[in-house]
Structures are given as C-alpha cells and as structure tokens.
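Take a look at the structures below.
Consider the two complexes below, in which chain A is the common component and chain B and chain C are the respective partners.
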Partner chain A sequence: MSAIDFSDPATIAFLTEALTAAGASGLEISWPGGRLRIVIATGNEAGVDVSVTPRPAPTAQPLVVVKAPMAGHFYPGSPSRQAATDRLPSVLAADILGFLRVGPLLLPLCAGRAGILTKQLAEPDALVGFGDPLFEIEPQS
Partner chain B sequence: MPETFDSPPRFDTVLIANRGEIATRIQKACRELGLKTVVVYSEADRQAPYGKTADSALCIGPSSAAKSYLNKDALLLAARLTGAGAIHPGYGFLSENAAFADAVEKAGLAFIGPSASSIEAMGDKISAKRAMIAAGVPCVPGPDTALSDDPAAVERLALEIGYPVIIKAAGGGGGRGMRVVPEAGLLQEAVALTREEARQAFGSPSLYMEKFLQHPRHIEIQVLCDTHGNAVWLGHRDCSMQRRHQKVVEEAPAPGISPDVIRPVGRACVEACRQIGYQGVGTFEFLYEDGAFYFIEMNTRLQVEHPVTEMTSGIDIVQAQIKVAQGDPLELAQADVKCEGHAFECRINAENPDTFLPSAGVITSLALPEGMGIRVDTHIHAGYKVPPYYDSLIAKLIVHAPTRAEAMARMREALAGTRVDGISTNIPFLRALFEDSAFTRGETDIHYLEQWLKQRRAP
Partner chain C sequence: MIEIVETGPFNTVQDLGRPGYRDIGVSGSGAMDPLAVRIGNILVGNDEGAAGIEVQTFPFSLRFDRRTVFAVTGADGDPILDRLELLPWCAYTAEAGQVLELKHPPTLARAYVSIGGGLDVPSVMGSRSTSLRGSFGGNAGRPLVKGDRIALGDCANFAPVPANGLAVIEPAVALRDVFPDLVDGALPVRALPGGEHALFPNDGDAFWSQTWKISSRSDRTGYRLSGEPIKPTASVEMRSHGIVPGVIQVPPGGEPIVQMSDANTAGGYPKIAGVIECDLWRLGQARIGSRLRFVRSTHAEARAVEQAVARYVEDVRTTSEMVKRALKAMA
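This part shows the complex of A and B:
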C-alpha cells in the first residue's frame, strides 16, 4: 500500500503544481480510505476535493484465495497428512495444501500465507484452469 | 516438391485456440459436425459466452495474449488435459505459426490448417513468390530472389523494374516492413531502413523489390484443398476498403471483374496448391490494376472475411476445413462450385468512429439485425465486457442479396438496425461509408478509404 498521505496539503500543493506544469487538466486518485480530485481550471486556478472515509475499526484481515498457477487436475491434501478439509487446520505459508497433476508431474500448491484454512473451493480430481480458486485462508498475523 | 499425404489422426474433440467471434463460429461448426469443443480462455475472457456453451472450458493464462493465446505450451497442455484430438487456431494469434503447427503434429494431434512446411514456405514472401511463378500465378514485376547487399546491383534492379518500386521484408506481411521508393535518390536509404526494420521485427534482414502499383484493388481468391490432392477455388472477394492496411468492408464477388478474367487466375491458384501439396483452406491475395492480377501473398489460414464467400458459394468453409483435417476427401469438384448473388461484410469494431481509438468497457444494451440474407457473427451480448487487451473486432455483419445494389441496400438497413450501447463503435462510420457514391458504384482502390476519411476530416 502507498505510504503517501493524499490528504496532506503539502502533497496536494505539489501535485497541483506538477499538473499545471505538465498542462494536464486534472487528476483523480482513489484509495481504500478516500478520494482526491484535483481539477486545473482555466487560468490555472485549481479546484481540490478531498474526501476521506473514516477508517473502519480494525477487523479480521480479508480472506486470501489460493489460485491454480496453471491448468491441471486438482488433488487436495498432502502425503504427510489428512486431506486439507478434514479439519480446519492452522497452516504456515510454506505448507503444501495439495497438488496439481499435470501429466506425470505433481505440482505442489503452497498456502503462501499463514492462517486458518477455511475452505477448499475445488472438487478433488477436478480439471482446473489458470487462476481458478482452490483454497480460502483466513490470515493470521 | 509436393508433400506426401499422410493420414491425419481422426478426432472427436476440437480445442479452439482463439477467442471472440471466431471462437463462437468454430464452436458452431464443430457442434453441427457432432464434434465436442474445448474452449481455452485468458483471465480477461473468463466470462465469455462461448466458454459456457463448450463441452469443456479452461483458463490458460493471464490477460496478456503472450501468456495465454500465444502460449504454445499452455495450449498443448490444455489439449492434453482435456483429451482434445485437434486444435483449430482460427485467425491471428498462432494460426500462421509453423512452429506451433509442427508442435501440434508432433504431439499426435491434428492441426486444423495446412502443414507446418506449407505455412513456412508461404510465410517467406520470396519462396512463396517463387512457388507462384512456377505454378503460373501472375506476380508483381520483380525477381523472386532476395535483394543483393551490393548497392549498385540494387540500383540496377530498380531501374530495370522502373520507379516507383517497393522494398519489402521477406518475412513481413499485413502492411508491415515495406517502403515505397518513388525515385532513385531515395533508394539506398529506404533499403537500409527497411533492412533494419526487417531484422528487428521479423528476425531476418532479407528483402525483395517489386514494382509499386499506384491504384490497385485488393482481390482475393479462396481455395479449399484436401489431403488427397483435390483442390477447388470458391470464387473471389474484393477487400480494397482498407484503413492502415486493415480491412474494414469486404465483398464477394469483386465487382467489375468478368469471369473470363478471373477464371485462369483461380485455376492457377488451384494448380499452385497441388504443386506445393497444400491442405486446408487458404487465400491468395492479389493486387489488381488495369485488368491484370499480381500475387502479393498467401494466407495459410481461415480469413476474417470468409463469410462473404460462404454466403455466395453456399459452402460452410469452417466445416469443410475441419473435414479436411479429419482426412475426408472434398465433397465437391470445381464444376460443383456455383457462386450466386452478392455479399458484403462489415467489421464492427469497438473503437471511436472518428479517431479509431479502441474503446473497451461494458455493453449496456445491444440490438442486432435479423432477417432474410442477414447474418451476424459475434460473441457479444448486453452486459458483455469488451476487454482492452485484444483486437477491437466485436462482430461481423454480413448480408447477401441477388445483386450488389440490393446487397448494399440490405447492408444499409442492417446497419440502421444495429445498436451497441455503452462503448464506442465504428457503426456511424460504416453507415456513412455505405452512403458514399463512389463506393456505391464499386471498383474503388485500396487508397480510397484513407482519402475519403481525409476529405471528411477537412473543414
């Protein structure tokens, strides 16, 4: 996430100056907490509209979806433990949640993020394509 | 040397290695032949309607064409995972990629198109020209050999051909890698620039030189060849209405060219196919000026504009192409080919009708024309999101009528009944073009549309 504070008057002044120098007519930036809109009017008088949404109280982090990195047949679980959805285990980022079988090869599917494995989203032995969702993880920091 | 005709593998499932309207068109042909289809798509095309009507659909990569539709390994893997026995490449993407055709064959699958060696031979413009001269196909004046590195020899050749001449990259095509030289003083610089462009864009610095025709029309001859040595030509098309070398409107037959003039050219094309052992569908492209034809290149694939030939000949070219790939002999001889009436095709592009800049976004509502002699090849629907990553073609509007004048009138009606909301399209531009008096008379050359656009922009 960007560390720039777009509601900071100094930042707005800098952007306005840069837009005017570049001959641009305006700019709009949205970020999770708000929106900045600068319109360079005729005569180089800029109109600025900053709306900052109050930041919500910290809640659970958004769920992370583990997607298929390529096409293949989906095999949940790993040889070293039960099928992934038999329980709701804590997983580490490096844990193998299952495999993609591509011909004779088994491609491991890593969690990529520590957390609680909440859902398996594809059926065992299903043919999945690039980007298809396979698992859902609730991250834990 | 003719190729040997090996029996191609039979198949019951076809993987469609393409997207958009042509994916829909190929799927229809397969279904009518009782074949199952596998649709592959990029992430940007995840919601494409033809994925939902296929027997299997598989995402093969991200939106970038280089990582999806042009990814040979991903396509072959998808064929293997889904049990497809054949791959139809459509047009564009890998359709004229000899290495891909070869890889498909080596994987034990049928490539629905010509052999890798045919694609390779016709992809090199010098070897293609040599093959055409050998078969008696008329070519543009100029040698069928690569341009010498010796500046004096290049100058002598240009004088011999006569200015203006055109310098072309042997590996080029589609209007890229070429430069017109109007006079001797500009020759050496043009050769040097084109050679460098060819080296960078096509991987080969090989060039050739031809006479530059001033006011030609673009005429095509459609051929269909099987694996048993049979070949026919299915009439001709006029694709002169081009903007920046991209066809905008096509028609069949080409107006004002008598059967007596075109017949020997069609026969020569068929003879060329037999001589090179060509299989599948193909298109011979010609420049036509002052009653003479000059071969420019052969497209070794299905063309965007194939529907106008289907409408006049009554032959389903995509089905015929698939049957040839199955090893079936052609079901018709040349005497059976009867082209009737006149057909037009308009390419509906998602682009600004004035600036021609691409326009992506969601189609909020849509009206497509229907009725006798009207056909629409498309994959779009209300709510469809036109992705910004690919060609802007979103639909083809095709009409057929007994005469050219009636076909033009039908196209005007069809265009009036076409509405695509939410994005910009070239429909207003096409409507205006079909009111133009010179186009209505016919026989306009390949420069006409650019001039017409310039006049429209002039205050």
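This part shows the complex of A and C:
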C-alpha cells in the first residue's frame, strides 16, 4: 500500500481526473512523509498542494505500524478469538488485531510480524483514512 | 479440481435448490442455510446460486489442486488451512496442494464451503443440488466420500481477495434487529397459523406456548420435535396435499414435524402452522437436541424480515465489488 508516491505528478493528475469525473470537490491525503491536498475549482481547474516532509532517520528497532488498507471504520477484533486474546500484548504475525469495516464487509488487520502490541491508535468505530496508523508493534525477533 | 480428503456421512453438494417440480414429486432440495450459501458465493465472486458443499458431519477436509478463492460460511468455528486458523465468513486464496479442514462447530449445525467458479457438477432440472431421496443431482446423486474429486467451474470474474482475507459481518450479527437472539436457551422461530390450525384447542395454545426439542430423528427432510403431545379436538381424515419446507404437521402421535429442504412434496397430516421462509436458515443451523419455541408471526412481519435480508445481501454484493476494485486500484 505504501508503494504509491503521492508527490508523483502522474498520480496527482490521475486523482484529479478521477475526482472531476466523480463530481467530488477535492481530497486530502496525509501520510507519514507528507500531505497532498487537491481542490477541484468550479471552473474545472484544480488546485494542488503537496508537501513532503523529510523522513526521520530510522532508529535501531523501528516500530511496526499496522495501517488502514483503505478508508473505513475501525472495528475491534472479535472477543471470541480467545487464543489470540489470551496472548496479548504478545502477538504472532498471523494474529488478527482488528478489522477495517466498510459497510457490512470486514478487512482483517493482521499483525504482520511477531512482537509486543504497544498501541491501538483508533477508537472503536472511528472513521479512518487510507494509510492511517491503527496499531504499533514493537517487533521481537 | 478439489479432492475430498476426509468426510463424515451425509455431506453433499448443494446450491439454492430445485424449485418448480414438486407437482411431479421432486423435492426442492438445496442448502439448509441458503443465506450462508448466498453470502459465501458473493464473497468469492460467484453468482449467488453457485454450487458448494454442505458439511453437516465433521471433521471434513478437502485439498485444492490449483490456486483457488474459497470461503467457509454458516456454522461457527474456525476453518483451518494447512494448520493456520482462519476466520469463518471470510474469503481467502488457497494455493495448489493446500488442505482446508473443518472441525466440529461449537454451537451451530452446518458449514458451507463456497469455491471460486463453483462446483462444476451437472445441472439436473436447473439445479446442482444433491437429491438424496431421488439419488440424482450433485456429485452422482450421493453424499461425498473420501477420494471424490470434483471439477471447479471457470472463474470468469476472478478478482483476487486481499492477502489477509475479505470477511463479512455475519447475518446473525448484522441482522440482529430482525433475528431475535435465543430466549432462555430456546431459538425463537416465527410461524404463521396453518390450514388446520383451527382444529387445535385454545387457539393452538399448547403448540405455541411450549418449548420443543429437536429430536434425533431429524434430518434434511424434516425435524421431528419432542415435547408434550398436542391433539386436535376431532380426528380428521385428510387427503394428501402439497407441502413445502417450513410446513409444520402434527401426526397422530402429537409431536410436530417441520418440513425442511428435502421436504416431502405431499402429506396428509394436519398442518398447524408454517415457519416463515426467512427463519428457515436459523432452523437449518439448529442442532439435534437443541430447543426452540414457535412465535406467532404475521405476513407483514415476514415481509419486513425478507426485505431486511434482501437489503443486507445487496449491500454485501455491492460493497464487496467496490472494496475489491478499490484494493486492486491501490495495489
């Protein structure tokens, strides 16, 4: 998911065209490295504002952040999955930490790697955007 | 192709059934929990009525011989793919050679395996359902046995599911406003008074007010209930007449029979009531030995429940297509 470069003019052009076609007035995307805002003007001319912040130097043991794969509502994990709940805050790579709910559908959010779950960053049912951080995991090798 | 690695008795290929031939004595057949089949098929990208496997005896396992999208719906309990626990009501991609295993569900009765492309068994009278009574349809007209190999249909709209799976809020949760929870451990089953309801004293009070138990003499044809026998005020001689799933008959012994998916096409016992169609899937998930109560319903309520279910299914369909498209665009 993090492969998209929102500062790429081609991506901005594509998004602008899609917004115009959909009749949307604009969008704003934030990611750890910056922020993109596109405003579709009434005369069909778009205003684009992109700012890229320099990335902090990586630390020795970076935290792993589980991000939202698309926009939706944060839906906490099912309490019936007792085996995984009993292990908390230790998590295994395949553990499902929660879901992203889009209407009646649920996208499972997997830990991705083993470690200690240190933070849950979204409240239950909060609306989150693409790429929003939802969990922090301190990896354990 | 899939291969059945392990199975109990009476697990069959089922779709949404074979309506329209009761007049020539052919039961409708079809899944006991058709809602689970519809949702499973939508998740894997099939038409709602594609054929899958109804598993009612466990453990059950099958092997995929090609990369395949699948989902397990219906019963509770976690399916297992090569020792990795998965979610029920969730579509995943299996690789060639992987084995899917279903263990005995904790509380419910029947699991459904939906597979991308559907099971490519011959369609007989418009359906791929197995008719156990007629020994036709499905996989050679019989239950699955170890070693059976079943071809899969072409997956024309193959849309890969996300690596972590694509799940759905199951009907019992999403529709909890229209499907009331157990009351004192008994499943509330809504029904409308039937043709011979008036034959039973006190407005059928003995039928409506007691808690019935699903007896061990219950199967896909019908559930025999045990409880305090109920008797009509007068014994009547009736000619056999057409019956459908959901019809509740009272034989001379006084313990009711609820006709299910493999319902007889005709019967002569007095009909005290009929289960509303939208509650049949819950009855299909009720286990032998569990308890239920009949709740007197109305046509208006039955229609309202039906509309709520239709909205949910439509919502799952449109949202799953949208989510798959969005994730593909962002990949």
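Everything below uses one rule, namely that the second predicted complex is superposed on the first by the 72 of 141 C-alpha atoms of A that agree within 3 Å, B and C clash if a C-alpha of one lies under 4 Å from a C-alpha of the other, contacts with A are read in each partner's own complex, and residues count from 1 in each chain.
The rule is simple: a residue touches a chain if its C-beta (ideal position, glycine included) is under 8 Å from a C-beta of that chain, and two chains touch if they have at least 3 such contacts.
Small disclaimer: the values here were computed from a predicted structure and weren't measured.
Following superposition onto chain A, is the placement of chain B relative to chain C best described as a clash or a fit?
They fit: once the shared chain is superposed, the two partners occupy separate space.
On the A-aligned overlay, A:109 touches which partner chain: chain B = first, chain C = second, or both, or neither?
Only chain C is touched by A:109; chain B is not.
Looking at the overlay, does A:130 come into contact with chain B only (first), chain C only (second), both, or neither?
both
Pick one for A:99: touches chain B only (first), chain C only (second), both, or neither.
The second partner, chain C, only.
In the superposed arrangement, which partner chain does A:69 touch: chain B (first), chain C (second), both, or neither?
A:69 sits against chain C, while chain B stays out of touch.
Mind telling me which of the two, chain B or chain C, contacts the most residues of chain A?
In the superposed model, C touches more residues of chain A.
After superposing the two complexes, find the smallest distance in angstrom between C-alpha atoms of chain B and C-alpha atoms of chain C.
Least C-alpha distance after superposition: 5 Å.
Could you give the residue numbers on chain A that contact chain B in one complex and chain C in the other?
70, 102-103, 130
Using the touch definition from the top, list the residues of chain B that touch chain A in their complex.
On the chain B side, the touching residues are 43, 46, 56-62, 68, 74, 77-78, 80-82.
Residues of chain A touching chain C in their complex?
Going through chain A, the ones touching chain C are 1, 4, 69-70, 81, 83, 94, 96, 99, 101-110, 130.
Note which residues of chain C are touching chain A in the complex, please.
These residues of chain C touch chain A: 78, 84-85, 87, 90, 162, 164-169, 174, 312, 315-316, 319-320, 322-323, 326-327, 330-331.
Name, in rising order, each residue of chain A that touches chain B in their complex.
The touching residues are 70-73, 102-103, 127, 129-132.
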